[in-house]
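Here you go, one structure.
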Amino acid sequence: MNGASVVEAEGLGLTFETADGPVHALSDVNLAISKGEFVSFIGPSGCGKTTFLRVIADLEQPTAGTITVNGHSPEQARKDRSYGYVFQAAALYPWRTIERNVGLPLEIMGYSKADQKKRIARTLEMVNLSGFEQKFPWQLSGGMQQRASIARALAFDADLLLMDEPFGALDEIVRDHLNEQLLELWAKTNKTICFVTHSIPEAVYLSTKIVVMSPRPGRVTDIIESTLPKERPLDIRETPEFLEIAARVREGLRAGHSYDE
Amino acid sequence: QDLYPVTFQLKWVNQGQFAGYLVAKDMGYYEDAGLDVTINPGGPDIAPEQVIAGGGADVITTWMAAGLAARERGVPLVNIAQPFATTALEMVCSEESGVESTADFPGKTLGVWFFGNEYPFYAWMAQLGLSTDGGDDGVEVLRQAFSADPLLQNQADCISVMRYNEYKQVLDAGIPEDSLTLFNFADEGVGMLEDGLYVMEDRLEDPEFVEAMAAFVEASMAGWEYAAANPEEAAEIVINNDMSGALTLESQVYQVNEAAALVGDTPALDVEAYDQTVATLLSAVSPDNPAITEEPEGAYTTVVTDAIE
Amino acid sequence: MNGWIITALAVWLAGWGINEFLVRIGTRDRVAASAINIAVPVIFGVVLLVVWEGLVRGLNVPAVLLPPPSVIWERLLASIPNPIWPDFQQTFLKSVLIGYAIGCGSAFIVAVAIDRSPFLKRGLLPVGNFVSALPLVGIAPIMVMWFGFDWQSKAAVVVVMTFFPMLVNTVAGLNATGAIEKDLMATYAASYWQTLAKLRLPMAWPFIFNALKINSTLALIGAIVAEFFGTPVVGMGFRISAAIGRLQVDMVWAEIAVAALAGSLFYGVIALIERAVTFWHPSVRGGRGG
Amino acid sequence: MMSSARHSIVPVATVVLAIIAIWYVAAIMLNLPWQQGVYARGDGVAVGPLQFLSDIYSQQRPVLPAPHQVAVEFYNSVFNANPSTPRSLIFHAWITLSATGLGFIFGTLLGIGLAVLIVHNRAMDRSLMPWIIASQTIPILAIAPMVVVVLNSVGLTGLIPKALISTYLSFFPVVVGMVKGFRSPEAIHLDLMRTYNASGNQVFWKLRWPAAIPYLFTSMKVGVAASLVGAIVGELPTGAAGGLGSRLLAGSYYGQTTQIWAALLMAAALSAALIFAIGAIQSLTSKMMGAPA
Amino acid sequence: MNGASVVEAEGLGLTFETADGPVHALSDVNLAISKGEFVSFIGPSGCGKTTFLRVIADLEQPTAGTITVNGHSPEQARKDRSYGYVFQAAALYPWRTIERNVGLPLEIMGYSKADQKKRIARTLEMVNLSGFEQKFPWQLSGGMQQRASIARALAFDADLLLMDEPFGALDEIVRDHLNEQLLELWAKTNKTICFVTHSIPEAVYLSTKIVVMSPRPGRVTDIIESTLPKERPLDIRETPEFLEIAARVREGLRAGHSYDE
């Protein structure tokens, strides 16, 4: 096992027991993610992307194989509060202001009031939401809510960021904009990011590594190391290199896709 | 000096029917007798026999039939005094009903109070040989609620009334007295002693308690005497004790007068009247109405009234 | 200290333990799972009765205050043919069922009738809420005055009690249809009645059943209490009151047991019908589908 | 909310007027038999329609009193009676209100407590819920007098027995509502807490409790109305101790229909006021919790 | 007015009166759609795409200008049942089986039982859902539900199809697949289709005409006639011609977009 490896899965499998029989959400997943990587997970609906992230986060228990996070068990990692999780929906608490939503993990983890204040200000700044501290979630647009939820995951400075389709509900232009900002943040902080998406361009644009998955049972069908430079302007998406990687991802996806859904 | 505490449970709400006790308390007769008396008013569906069985009272007033029935059910009540020597329960029939004598009862609807007040009625019907399941040769029984309304609204042909209360309401409603037919339960031979004082048997082994009860009965009789002499003042006291604010002075003066007239010269139980009550009850035993099934033993005592000079 | 009390405590602890154990069994067998689901509350109920029996006997509570369940049970069995069955007929089969049907039925019709008038809806609902705040004990004597002392007046009380919950819920249910679903009907140029029958009514069923369930217990309580204000000498409310007066407390509890059983069954039947009619509702089919 | 209230004034007034009109007509119909009886017993002189109306609307013991009779009785017993005497409806309303309030507080606390148990303990969830539903099919109202007697015998007197009957009636909507409320946080909100490794207490106070607040208020509105009914019923057996229940009873015992209606009106007004008060607290709370205006 | 013109809007405007003041959802929209065209509407969130479709469908009343559908008023067109509408959400009725959902418009329009049966079978066939007649909506995946809702709109053979982001909730692969099928259907039936989307590739891939809209107030900023051939394999999306049109659309979009959200 590599010392710098943040996530390491070997022969990982997860089967849900349901009333209609077992559902194989993950099977024989082998994957190593090193520190500072930006890994995208892409694959059709139901292929186990969310499940894999949830296993890392100790929100589901694998039924086969092993997985370590920061060299420990996921449970230990969770108790160490070593990751921040961004859900597909912003999942802000509607009765808390933006400020207090971002402060929620800090309250729970027992940061001092002063420290809380400082961190809230810093992370809201980071996601461009300064000035909205006292607003309630419903007073913000969908994009701003999603940024607040990212701020919440950043507030306690975990080195690992798990993001489950954080921009799925946003329109393309806003999404482009947030993608740029996310890349910037990643470059600045050297965090490790696991990012689930449905969008091929998004995956290619953001990642250093793209994990293509296929359903029934959820398997990893391809792992693509990106050859794109770390510096990525938005129009990199029209370059042949980009299109080539995108084509490979699409290929991988199509291979694993069953048209009967 | 220390007053002896006594909790006294009435069978019904505070009204002229209980004027003697309320007067005795108000005028300080109980205190003078060394007693600290708390009078708890009753109400519909409060069974004083249950209250005393649960330890919620030291002494209660109830009708003798209910008292004897409770004794047979395992609540050892003992009559210690019988302030009401005569009875006031009557049945009144409207002109429209066409009832003029008991022979007219078959096929009629009669209002009856339950909750331990039904025993005289069932005894009467047994005596008349009338079934109480409705039908042409029996009578239909209606559980009469609080008021005289069933008669006023023609829902019943006859209703139960207390002479001191509901009967007055019927008259007050504007029904001429001569249009009504009145049956007195006592005259019909099914009279049963009404408001008497009852305590739990085991308490009587305590001489101090007996002494206190003697003082209580004596002071109560003094209250009744005062009420009989000063009905207006007694009614005033009753009204001051009425928390519902619904009583009128006029009705209570009438009620005090009528109730005081029921009180005998002595609080001692008239054994003859007791025997008659028991005999009437035993004559009417039926599965539907099992007041008592056998001759009661030790259901009254004279130790208290004997202690009064 | 006392054998009865110790037994009661022991049974209580044992029942608790068994239940904690049972709910921890994760079984995939549907039959076993539903057996557990039934066993747990039954064990709880049995424990409750045993504790009651033990405490009443152990503490020597007078029978005229609270009889032990075994005595109540005997009284219940002995009295089914005579007072209990006729009482049940009078109170449940006549007052409750008829009042319930009229109350819920007329409220439904009124709800549909005022559905087209926002004016009436805005006006009737607050007034309706006010009227349903009238305490039933005040209404009952009035109904006896109006409708006589037989079951008709009890049914009338039940009608009054059940009317407004049904009205409010039905109106809310008819308004529950989403904008898209309604627009869809508009794109078909569907008539008012078509929209009502094919869209808004099905959407309203969960609300309507909500009211039907609430009303099932309300109706029984209403009918029984109304009998305290004048009745023929039959009926569960009459019996309860008359029996208290005669200190036949075991009879009182036998009637209460019958009332609770009938009420629970009534509720259960409505709940079963609800499951059948609103089989599609997420709360019935349970979370995500296949 | 304010604008919707303003929207409702005209419709509500219309409906109320319609009800009053129907009421006047019904009063004639229901009071007619008695009036005819009076005329029949009288001297046989024919009365004109005006005299007839005035007679029928001023009966001493009407089967259905006319609205203005109720209004006059209500006015007299509220404004013209010394509120510290039993002649005043305010006096009775206050007695009932204190029992209602106490019972309601007990009921709400009991309901919340049971809901917490049910939500946090699977065995409780499975065993309690069916019995809580069954408990509400017990006609507690019918045995209220016996309950009062039994409680008296263990030393509970005065306000407490009434309050306990209120409690019995009001805890149910609160349990049902709060179980729903405590379970209302979506899975994702709970997962979020898990990713922070939050303790059970933290999850409860920072998530379940605030999420359940809207449910709490909704069920409190139902619960407070039930409490009032419980208090009134609890007052019936102890009829002589005052309160709206004893007022209803006395009215009924002495055939004072108008008095019954006035007490009923008071009870409904009390219940409306309590519900309104809870609604006001609710909108204040939800404003503080950031709900859209 | 052109006889073959299916939708014709002139100076069309729509202002919602809300508590916070008027919202100009559409202003001065001029557009003519001819029979057989496939028109996509694209633009950022809130620019009035849905509103425009709803005006055509007589679900909203314009406050300015004129619009005709098939030469009549939208109301007349609606009463003539001359269009089928596919909403963004599938909006199937959960208490009806798929078969009876598709049959709903037929029931309402009074088709005979036999005819209903035939049409249901045919349209379910068309969207690849044969065999699922007896399933309830919640037993189907999102993509299948959306196909059922398309079948429902097709069942009564209206010549005009209004589709509001019908594939918004689906993953890219399923989406590609449905896009292909939709094109095929359109080619076969010569229907006129108005199609709202957020996705630039989707708009370019499907349309003969792309209407780019911009918000505040909702205006048409660009109308792009596609130069792509009618026959379009999926990989046409990597051709320079395609990318050029896509770039023009993106340009148009970005011009109208305000980054402050």
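By written order: A, B, C, D and E. Residues from 1 in each chain.
The rule is short, and it goes like this: contacts are C-beta pairs under 8 Å (C-beta built on N, C-alpha and C of every residue); 3 or more make two chains touch, one makes a residue touch a chain.
Since the structure is predicted, the reported quantities are computational estimates derived from the model, not experimental observations.
Of all chains, B has its CA centroid at the greatest distance from the CA centroid of chain A. Sorting all chain pairs by how many C-beta pairs they have in contact places C-D at the top. Averaging Cα coordinates per chain places chain D and chain E 53 Å apart.
The distance from the centre of chain A to the centre of chain C, with each centre set as the mean of the Cα atoms, comes to 50 Å.
Centre-to-centre spacing of chain C and chain D amounts to 19 Å, using the average Cα coordinate of each chain.
Chain B and chain D have Cα centroids separated by 35 Å. For chain C, the set of residues that touch two or more other chains comprises 65, 141, 145, 228-229, 241, 244, 249, 290. For chain D, the set of residues that touch two or more other chains comprises 63, 145-146, 149-150, 153, 236, 252. For chain A, the set of residues that touch two or more other chains is empty.
If you check the complex, the residues on chain D that touch chain C are 7-8, 10-16, 19, 30, 63-64, 122-123, 125-131, 133-143, 145-146, 149-150, 153, 225, 228-229, 232-233, 236, 244-245, 248, 252, 257, 260, 263-264, 267-268, 271-272, 275.
Note for the complex: chain A touches chain D at residues 54, 57-59, 78-79, 81, 83-85, 87, 89, 91, 93-97, 104-105, 107-109, 136-138. Chain C makes touch with chain B in their complex at residues 62-65, 82, 141, 144-145, 148-149, 227-233, 238, 241-242, 244-249. Within the complex formed with chain A, the chain D residues making contact are 186, 188-189, 191-198, 202, 206-207, 210-211, 213, 289-292. Residues 44-45, 47, 49-50, 53-54, 66, 69-70, 73-75, 112, 114-118, 132, 134, 140-145, 149-150, 153, 155-156, 287 of chain B are the ones touching chain C in the complex.
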